[in-house]
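So, here come the structures, one by one.
Presented sequentially are two complexes of subunit A, the first with subunit B as partner and the second with subunit C.
Entry: the complex of A and B
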């Protein structure tokens, strides 16, 4: 019970921190970078559902983010569709394409699945780059409109967009929380822990995996839609597999298969890369070894490690309590024993 | 008709390069049981090593080739010792992520040293093969001949090594059954190191053969490695003949696709072929080989 309470307190504290953040930083640049980190956090949340909870490494995740972003870009710029309709369609489009990709790719076992999704990612990237007529090719899409206002609230400043994105992130977290704590969420984890066992327990493998995949890429699609409205320029590089690698790093740093891990990882690594600005293109010089060292020495990430320590301490407390109980019982028995004899 | 044979020749050239890369990948798969995403970085490292040897050290082409093979084999062995051997008992996901980390690291190092610009390695024997042009009307640059011949020689050498020597037999044994091989006294560490060395050397040779007719840049390995993945899925993960055959098939498909369909889409064709084949046959074309 106290665990639940502290969880809620932490969540409220995090939301409050997010709300006051723009007022404690010196300028808009900090707000801009943080909002970008939130967008990537939403995408990483989706990837974590597939990677951390269902145990499949989907290397096309950045491609689905690109699909969402390009859906918004193309619809708003070339067809004059209002932003929020395009926003919804971005998620729908990513989910629909994800459904098709999922049906095919999820029939494959682990590494086949990863290679296959890597190929899907490359195909999406190449198509975006070569299909000038639809995607504007390497020139990219410019002048994407900011999200239109809802009622009296307008989203034409960085600050307003920051709050919009923060709200979306909170919503994404709440929905993800509901998903992973539902029966379906348990089914995802059962698949991660062992497909034959999950199947034996009556989990319909294919349907559950496809469901996880579709939800996962829908997150990517919505993140892409927010990205398009926020950055307001799109190029093919958003679909590059290095983008998917970045998201994997976010998840690993924060904690694989934890709810808040991807968010914490995205925020920390985004700021780490910002402070490594002087490295410019050599950013990957730090990123690559970081990935390796993390899987070698801290595979559970920050949140995972904290949770494991908490669990260990709770376990020690419980076993200590059990030991005391046993000793008390034993001494009680000891007192009784002579009476029996 | 000669146009047709021209495409066959081009396809065989590409196929030879792909096969060599895929061979290394498939051998390492036998040891690691995961796709080594960093293999493409070895291909790139081989090209840069040869570039370094021929420009900074003034070595001739063949010396540069050997130098590149040795250096890249060293990098591959280092990656096995420092990273993969330490992750042996961890879930396969960890190996895959570590491999991605290695890929990013090696690529970043190359970019830090040589920059993102394109470099060239001069053709050791410029010009075309006159005999073929006069007798068959085919244009075959000598370098393409060297690629095909070099690949064939290496494949035969590898085949003899794997089937006729004890060390080769231990590699195959390890790929077939790690526990069984360890039980009969095969040293896993030694076999892993040899396999990684061979795979690195093969990638480097493939790169050095290929770069005189292409370019050297930090991301040059990415598309090649992806195609090598396609190949080993088609040919069966861990299968040596599958890697060779698959490489040739993809090389030919690409060269015909570029000629008869569209040059722009030639890179998409290989992946589209994979998506199509895996959609119809999730177990690959030669499921017997796949483990």
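Entry: the complex of A and C
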């Protein structure tokens, strides 16, 4: 019960922190970078469903984010489709292409699956770069409109978009929370723990894995759609596999298979990258060893480590309470027994 | 009741299981024994649908279920435990068991996202079933412990509970007492007997002969993929072919010599 309370308290505290953040930082640049971190956090949440909960590493995740972003970019700039319709179609498009990619790639197991998805990612990147007629190729798509206002709310400032993205992140978290704590979420985890056992428990493997994959890449698609409306410029590099690797790093730092881990990781690493910007490409010399140390000494990530400790303590408390109850019952019986005799 | 007839599985030129016919009776414990590499686990995999037989028929209560996928078999009431059960170490025992009853529920992911009454009812039902299964295997006291903190023997019991949460008619247990001490083995044997007495059909692969001989109603002996003997533990343990398979031809001859004297 105390675990539940503290969870709720933490969630409220996090939302409040997100709300006041723009007012405590010196300028718009901090707001801009944070909003970008939230967008990547949404994509990483999706990746974590597949990687952390279902146990499959999809290296094409950035490609699906690119598919979402380009859906918005192409539809709004070239076809004049309103932003929010394009936004919805971005998720639908990523999910539909994910379904096709999923039913093919999920026939493969373990790292064969990952290698296959790496290829999917490269194919998507090539298509974006080479298909000038559709994607504007290496020139990229410029002048993507900001999200259109909803009622009296306008999204034409960085601050307004920051709040829009924060709200989307909160919604993404609520939906993910329901998914991973559902019975279907438990089926995903059973697959991660071992496919033969999951199947023996009546989990249809293919259908369940494809479902996880489709939801996962839909998150990437929506994140891409937000990205397009926020950055307002798209180039093929968004599909690069290095972007997928960044998201994996977010998840590892925050905690694989934890709800808030990818969000914590995305925020921390985005800021770490920003503060090491002066080192340019040499910053990887700092990042690499740090990541190795983390994987060695904190393999469950920040949130994973905290959660494991909390679960253990809660279990011990509950067991102790159960024992005390049992002892109390036993001694009560003991007192009664002589009376019967 | 589960019947198999003429069950054969070839991997390329190698027959891992060759023309095996037998049956598992309701409420009885049928043990499958044999030397390492005899094809016992392959046999279970064929029965449970994990492998498609090259030849032969599997019937569950008269229905032909040959080559049916494991998740469909689970729906039909066949549950199994594996030599090693990978559980979610950082979660409580009870939470680990909830997925076991998922196959008997109807709510979809959309129900879960919208938190509908059906999703909540199914969640409660799965939790109740998990508690019931945990109670059956005698682990009420460990419900809230994280799996990483419980003993090897308790993990074996959790694996049984997971199988029981699926509401099976038949359970196949692959080396349920592997890696636990003799005292704990006796405890697990009592639990397996209790499962049979509750009306379940129990199939068992086990290397611990003492346990098999004291527990099984029927023993099926496999060697090099073929059934070489079948009968009560007493019959099987006197069978020269079984002694030969286990202890080598010399010992069997020596044993026969002794018997003659």
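Here is the rule we go by: the second predicted complex is superposed on the first by the 309 of 341 C-alpha atoms of A that agree within 3 Å, B and C clash if a C-alpha of one lies under 4 Å from a C-alpha of the other, contacts with A are read in each partner's own complex, and residues count from 1 in each chain.
We take it that contacts are C-beta pairs under 8 Å (C-beta built on N, C-alpha and C of every residue); 3 or more make two chains touch, one makes a residue touch a chain.
The model shown is predicted, which means the values in this text are computed figures rather than measured ones.
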| item | value |
| --- | --- |
| Which of subunit B and subunit C A:232 touches, first, second, both or neither | neither |
| First, second, both or neither for A:190, with subunit B first and subunit C second | second |
| Which of subunit B and subunit C A:201 touches, first, second, both or neither | second |
| Touching partner for A:211 - first (subunit B), second (subunit C), both, neither | second |
| Contacting residues of subunit A [partner subunit B, same complex] | 51, 55, 57, 104-105, 107-108, 110-112, 114-116, 118-120, 122-123, 126-127, 130, 241-242, 245, 248, 252, 281-285, 287-292, 295-296, 299 |
| Residues on subunit B engaged by subunit A in the complex (per definition of touch) | 33-35, 83, 86-87, 90, 92-94, 96-98, 100-109, 111-112, 116, 222-223, 226, 229-230, 233, 237, 264-265, 267-268, 271-272, 274-275, 278-279, 282, 284 |
| Residue ranges of subunit A in contact with subunit C within the complex | 175, 178-179, 181-187, 189-190, 193-194, 196-205, 211, 215, 300, 304, 307-308, 311-312, 314-316, 318-319, 322-323, 326 |
| Touching residues (chain side subunit C, partner subunit A) in the complex | 48, 50, 69-71, 73-75, 79-80, 82, 85-88, 90-92, 98-100, 102-103, 105, 107-109, 111-113, 115, 119, 122-123, 126, 140-146, 148-149, 162-163, 166 |
